[in-house]
Amino acid sequence: MTVYLSIILFLPTIFGALALFAPRRLALWTLVAGTVLTLAYSIVMLARFKTGVGMQFITDDNWISELGIRYSLGVDGLNLFLIVLTSLLWVPATVAAALRDWDRPRLFAFFMGIAQTAVLGAFMSQDLALFVVFFDLMLVPFYFLVGMWGGEDRVYATTKLVIYTLVGSLLMLAAAVALGVMSTPAGGHISFSFATLAQHPLSGGSQYWLFILFAFAFLVKAPAFPLHGWMPDAYRQAPLPVILVFSAVVSKVGVYGFLRIVLPLLPQASVHFQELMLAIAVVSILYGSVLAFSQDEARLVLGYSSIAQLGFILLGIFSLDPKGGQGAVLQMVNHGLVVAPLFLIIGYLAIRAQGRESLDWMGGMAFRAPVLATVFLIVALATLAMPGSANFVGELYILFGTFQSKIVYGLVASVGVVLAAVYMIRFYQRAMHNPVGAHVESRDLALGPELGVIAPLVLVILALGVYPNFLLHRINAFAPTTKNIPQVALKR
Amino acid sequence: MIFTDIVFFIAAIGALAGAVGVVVLKNPFYSVLSLVTHLFFLAVLFLLLNSQFLAAAQLIVYAGAVMVLYVFVVAYIGGAEEPLGDSLPAIRPLGVLFAVCLLAELCIGVIGSGLKALDSHGAHVSNTFGAPSQIGSLLLNQFLIPFEAASYLLLIAAVGALVLARKRRGFEELTGEGGTA
Amino acid sequence: MNTLNVIAAVKAPVIDYKGISPLFAIAGGAVIVLLAALFRGRFVQRALVPFLTVAALGAAIGLTIWNWHTGDSRPIVEGALAIDPLALGLSLLFYITGLATVAFAWRSVALRESGSGEFYALMLGSIAGMTMLASAENLVTLFVGIELLSIPLYVLCASEVKRETSLESGLKYLVIGSVGSATLLYGLAFIYGATGHTGFGQIASALGNSVSITDPLLLTGIALAVAGLAFKASVAPFHAWTPDVYEGAPTPVTAFMAVATKTAAFAIILRLFDEALVSAQLQWAPALAALAVITILVGNVGAIAQSSLKRMLAWSGVAQAGYMLAGVVVGTQLGLQATAFYLAVYLFMNMAAFGVVIARERVSEHGDGLKALEGLGSASPLLAWPMTIAMLSLAGFPVTAGFIGKFYLISATVGGDWAWLGVIIVVGSMISLVYYLRVIAVMWMSPFKIELPGLPRRREVHPVAGWSPEADPRAQPEVILVTLLMAAATIFFGIVPSPLFHLAHDVGTSISALVGS
Amino acid sequence: MSATAWAWLVLAFPLAGTLVIGLGWRVLPGRVPGWLASSMILAAFACAIAATVKMQDRAPAARHASSTLFDYAHSAGLNIGLSIYVDPLSLFMALVVSGVSFLIHVYSVSYMTSDKGFTRYFAYLNFFVFSMLLLVLAGNIIILIVGWAFVGAASYLLISFWYRRETATAAGIKAFVMNVIGDVALVIAAFLLWKNAGHHVSYTGIFAGSKTHFSHDQGTLIAACLLLTVGAFAKSAQLPLHTWLPDAMEGPTPVSALIHAATMVTAGVYLIARFHPLYEQAPTAANITAGVAAATLFFAATCALAVTDLKRIIAYSTMSQIGYMMVGVSTGGYDGGLFHLMTHAFFKALLFMGAGSVIGAMAGIQDIDRMGGFRKSMRFTYITFVVGALTLAGMMPFAGWFSKDEILGFDVHRGGFDLILAIVGFAGALLTAFYSFRMVFRVFHGDSVPEAQSLERGELFHGEHVNPMTGEHEDTGVGFPGAEHHIAERELPMKFAMGTLAVLSVVGGVVAIPGVTDWLRNFLDPTFADSKFVNAAPSTGADWTGLIVGAGIALAGITTAFVCYIRRPGTTAEIIKRLPFLHRLFVNRWYFDELYDALFVRPTATFGRFGRYVVESAFVQGTLVGGATRIVGAGTALARTAQSGYLRGYAVLMLIGFGGLALYFLLQAT
Amino acid sequence: MNITWYLVLSAFLFTIGAVGVLTRRNPLVILLCLELMLNAGNLALIAFSRMWGNGDGQIFALVVMVVAACEVVVGLGIIVGIFRRRIPEDVDALSELRG
């Protein structure tokens, strides 16, 4: 029983609220302070984390006893790094935001703070209802962030984003309540805690329709083909820091849900729908990759590439194999780590291409910008999971897991690896290489505001590339929960 | 018994006729009058069901007071003939159609009921049944609250009428067809 | 012993004055207000009368709490009324709504038109009717209560007699309402005929014994009664009056109707069906379920593309009624609790929303049009935030009471083996996002084009400000205050819902006939 | 210090070079980065020698050691260490790689002097060497894959080094993607081996496991081997994954020498040699590999006959030579294959350097039709180039003569299917001899072109800067390549590098003269001790007959070339006129690029466009999003039309509602 | 005469009233039709009261009369208001609120 996680959880909101009363110019910096503090706390948590002892830093209190909703948080190998990732990536995002001026900066900071709390909460919560609360809450700040500070069609984009994703979340709300109520033994008090739910498995039939509802919610969030309708608009319209965190962190909540909720609580259904989910994953991979290299908008390249990447994660999850599962977790972290700098880079490129983010306006930017080129190159190679990067290890595990259980899907998916190379290199070349674009004025990263923001991320990427076991070793702690999925499923 | 039957049929036909008159007569003034006749025959029916007090109340309160009010209002605003044609032509046939359904369903409900009592002439009752004394005692005991509430309701309604019909300035400058000002 | 004989001798009913004291407070309050209003003069009209009204309501609240007790219902006055948590709890909601309405109406045109004394007296009368309704224990009381509730409202709707739409709404409400009550009356008559009793208790015991549950007469009666009550609760397809009346009525009255009337209607629905007709649940539950589905869908699709906020709220109110009806259908204590809980939540979020509408329509040239909120976020956050919170809560976002309410309802439906109804609720909320979010967008994300498909409006909205010159955004603290309070409550109960839960739980206990949660 | 410690150092130096140069790009002046890089490689070479010495101290059976730095990835039953494996084979490769790399570094120092990307160039080059060494020293297949991909990346970076050229970037992405295909194949192979050979990724583990878990020529094993082959072919530009290599010539010439001739492209050979136990256990796979390699060597030779771009000719010859090596190692002639790998590294690097020198003299022009008569003006280049050509042609007594004919001799000796391979090999040898001297004669003989004349006058020709492929002009002011050109005659470093390699090409054969020296075989034996072909070598006599035949063939080829280009010029034109279609076929490289374009590139692009304009807009947005919207919209319209505003309309609505209700309830009734 | 007869009669009256509400456009007449419907209810109540021989129904009917009176009063008030506002006494003219 410790308040530790609660501190990490609510620091951002507190600072966001403080920002409301800070002077205009300092509003966002206030939040930056908050995020840095959060990061510090979560690093300490990472240091204190003991591998192999399961759930840690547990907080477990009554919240709404009448509904059986408990305020219970905890960390294990599954969500450890996702929490750290969240608190890590919010720092560059807020700093990048603080470096340019917005109208109504206080509100911006406020919503960014709430958003971080919501995401952290979703990752931390060990109670299904609490998870749902945070999962839905997430959308509120993003609705405002995209809608108030986005591009031309921001309102359309944000409405679409929220409705599309909330359709999923609401279905999940129903599913969650149903899961809680139905798995309550007669006369017993209703409970949504994952541990309890896992003890009272449901009958096959009800597992199936619950699975469908959950899966829908999570697939929309990811997004996976064909439920990504909201993605292009949102990616085009959202302000850069916002879409950065959205793509890097928020998109992971969905797939995280599969590992935390669907597999343990609906094992039978997971096995039953395995092929379907694998098919969706594979289609997402191929479709996302192919579209990624037919795009000219830098953001959309990343958008569709994310579809492909999350397809891989999904693949790993539904290989229902420990290797696949751990690869998936690893890949969540990796993808977050590479997408964030890529969005920063898009920002930098846009500055050098007269604010335009279309690849047609870029080209030849490597000249006189060796540092930018190098950074971009490293991130790009990591994104396409070149061996030697942590992403490669992630994909290796995912593919091994998939080969192990359903080799055919694995083989098709490995085509996606090749396609990834195509669209990332194309992206890199069209921006940095080839004759200089007409309106490009090429200059290197400014030391403080640009390099200072992105360099730490790149260093982390490199470090993890050298020693990915740092992640795997700790992720391993949760292996038991996935390892026994197939057996559990068959047993029931 | 024959006698009561004959009376029933006469009263029933009268009540129906009055009701139909209310609906079909074009001039509101005549409608009011036919309602009065309707109420009168209804009172007769009440008598047949030996509830004398209500029959009386019916005649005095309704046919007396309320209808007079009607007549005044009609006189005040002039019984304008109803404009011909209909702004939603569909309504008349549709309305009648569904009204018939309604009638059918009600009758089924009544006739299809398994209650024996329905086919009787009613329970055997003392001749004090329906007399003012019995009504009174009921009103003052079991139905005290509804009774009080009803009287209170009258007060409220009076206030309401006052609010609506009070003499006001300002109507003059309002043009008849204008929107709200 | 001796005294007993005396009481037996005098055939006067035993009246539990403590029990009906709240009712007295309200009814008496109305009379006092009327009398006070006889003295013309600014002070009386602007200060004394409202104060008296508030005092009456406050007294009623106090007395209600004094009466508070959990457990089974306690019939009083020969079983005409029942004093139990269901009655007490819900009447608290009426009183709170009344208090808010006093503030809303204080500067309104309707008040000036009808005279504050009359206005408040009518409002109190209606509240008295609601209180009766909430604790009605027999059919006669039920009917009187409903009429006492409705007739003052007919007047209040039409009270802006110089405004054509006000009259229109008044007449529509009156006619349709009377049809409704006639239907209800007929239904009650049939129920009485089938059972031979008017008391709920006796009816309940008669069902299945003296009359079979599937007797056509009884069922026809139930059908008629359902129709009549559904009308009051504005359940589709008996909802058609709602948007028109809400839009035409003076906004404070609309707010009052939207919340109080609906609450009262659900109070009596819960009583009639869960107490008197509970043993016929197998027969009526599917019908109500069907109505709930229709209501949820119709209400939500109707609300889309409304340019008048009042209208939009009216439609959304229809939808919300559908959600709550689902709670009734379940017919368990849990369902009862969930419905009661949602009613309370519904009060807070709607009052917050209406408060903003009132504050805006008095100053904006767009009246209650959606455009009246444009750019509110930066212009006056004090109004924008409550509206935002209200909309989020209505849409069922977490950390607002609305979320908890929906959660509660869904768990009730699932618990009662009506899981698919829960899914329907969810589907409804999906559709509702479209219009709730648009309001927020208009306030915070303007300037941008509000695209409003659908019928062209015949009447372009005129500024109401002309009617109440002293009304300007800074000069209506009472409205803003109430709005803020309601919004705060919405958030508070979204995070700490336990108080409401206790209330709801007591309410649930009051009808022991139901299967436990 | 143990052998492994030295081996770690071998890796450490180039990596250090990369980092120092990469981070110090601002401060390092002039040629310093170049010399720094070269010294790093020299150090690595030294360490490699030291490691070798250490290794030689051990008993032959014990000449292998592995060392793990830390757990690279260890969970869920998969245990991958960051480990190296040192044995004669890896040491041999390390020596060749670091040695040749050093010379090429030195050469580059002057060749790239005026290039604006001088520092970047050497950072890349060092990184490449590091990756290549990692590849050869890797202790398990995953680390091997890492190195494998790193060299691919380095190759990509250096191919599109002059990134202003769209031709260069296009070539770069082509090479990269093809390499990734290879990587994927290796990953799948790794999985098959891990799964079926007892959950090992380390070589030793895999080989031990394969003995027990696989039966002879088992399907899974064949699949695994073929996947390995795919990886190897992708890297070594064998059919059908070869198309990237000619385009790779877009890179600076030293890069072509280092990566696309001497080292990286031969990694495939190393791979197969490394996994020889598996191939020997799955002869089918081995034969397929050998067959395709043989086809490649002939196909490439034919292309080399027709192409007119100097560097591309050499590139095709590289493919063809690697074909020989592949044939060698996959048929069990490991010594021969690796021997040829070494000698090829020498003479092919040499040829490229010579070509670079010539291109320098031609101010960037690479078309041999434009060249001629450099014999007099570029003595040094001429001599060294001829040496290289002779070695390539397999002329007695140069190194290539021994190495190539050892392979062929081995195959003849084994007979059967391998005999066919050998015959193809001999045919290829004829072509090789011909095209190598085609180069010599057309570049250095004949009448001098203007560039040559100006050189004779003593000044280096400075032409307009054009892209050798498209011929469009380039502004050297804003980018690369640099303004000036450099030729061996004037640059000591270039001279040194070429001279050394020339000498090596001449004397390289000494390590394995049949019947005389057996050094190479003895050195490598510990690695291939377990091979069943270890004693399958032909007799000395047979070897010599093979050598004689080879020499004859080479002579024939050279003479033909002499006749065609010197004695009777225009003969080739005659031939072209006779067999136009054949010429067209060769010039267009047998239309492979067009085929792939039609098969993969365009379909994918079309699918992309289809997805973007049809699926996205019509299905995802239109049907899914739009459909839902339309349904709700219809509902709204309905609800609002019902809301007619007419009081009596509402009454009817109520009545309808009641009708429905009552109907339901009556149905409930009995 | 059986109670059933009375009930059927009241059903007829009720329906006639409903038809009137649906077909007439003059608010006055509509009010009258509402009266018809309420009276139909009254008749039913009294018939039942007779049938069971208890007085509840009669009280109910009495209350209904009061209610009816109140509705009439308020209704007439509104109609007067409409008249003063110079709007024709035609319910179809009052259809501005719609959609």
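To keep things simple, chains are lettered A, B, C, D and E as they appear, and every chain counts its residues starting from 1.
Definition applied: a residue touches a chain if its C-beta (ideal position, glycine included) is under 8 Å from a C-beta of that chain, and two chains touch if they have at least 3 such contacts.
Bear in mind that the values here come from a model prediction, so they are computed numbers and not experimental data.
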Common contacts of chain A and chain B, by label, are C, D
When each step joins two chains that touch, the fewest steps from chain A to chain C total 1
Ranked by contact pairs, first place goes to B-E
Of all chains, the one whose CA centroid lies most distant from that of chain B is D
Max Cα-centre separation from chain E goes to chain D
The distance between the C-alpha centres of chain A and chain E, rounded to whole Å, is 65
Chain-centre distance (mean CA atoms) for chain A and chain D, in whole Å, is 37
Dist(centroid_CA(chain B), centroid_CA(chain E)) in Å evaluates to 5
Per the C-alpha means, the centres of chain B and chain C lie apart by a whole-Å value of 29
The positions of chain E in contact with two or more other chains are 7, 14, 17-18, 21-23, 25, 47, 51-52, 56, 59, 63, 67, 70, 74, 77-79, 81, 84-85, 87, 91-92, 94-99
Touching two or more other chains in chain B are residues 87-88, 91, 95, 99, 102, 105-106, 108-110, 112, 114, 118, 142-143, 146, 150, 153, 156-157, 160-161, 163-164, 168, 171, 174
Shared-interface residues of chain D (touching two or more other chains) are 640, 643-649, 651-652, 655-656, 658, 662, 666, 669-670
So the complete set of touching chain pairs is A-C, A-D, B-C, B-D, B-E, C-D, C-E, D-E
The answer for chain D against chain B in the complex is residues 644, 646, 648-649, 651-652, 655-656, 658-659, 662-663, 666, 669-670
Seen from chain E, its contact residues with chain C in the complex are 7, 14, 17-18, 21, 27, 30-31, 34, 37-38, 40-41, 44-45, 47-48, 51-52, 54, 56-57, 59-60, 63-64, 67, 70-71, 74-75, 77-79, 81-82, 84-85, 87, 91, 94-99
The chain B residues in contact with chain C across the complex are 105-106, 108-110, 112-115, 118, 137, 140-146, 149-150, 152-153, 155-157, 159-164, 168, 170-171, 174, 179-181
So, in the complex, the side of chain E touching chain D is made of residues 18, 21-23, 25, 91-92, 94-99
The chain A residues in contact with chain C across the complex are 64-67, 104, 129, 132-134, 136-137, 139-140, 143-144, 147-148, 154-155, 158-159, 162-163, 166-167, 170-171, 173-174, 177-178, 180-182, 190
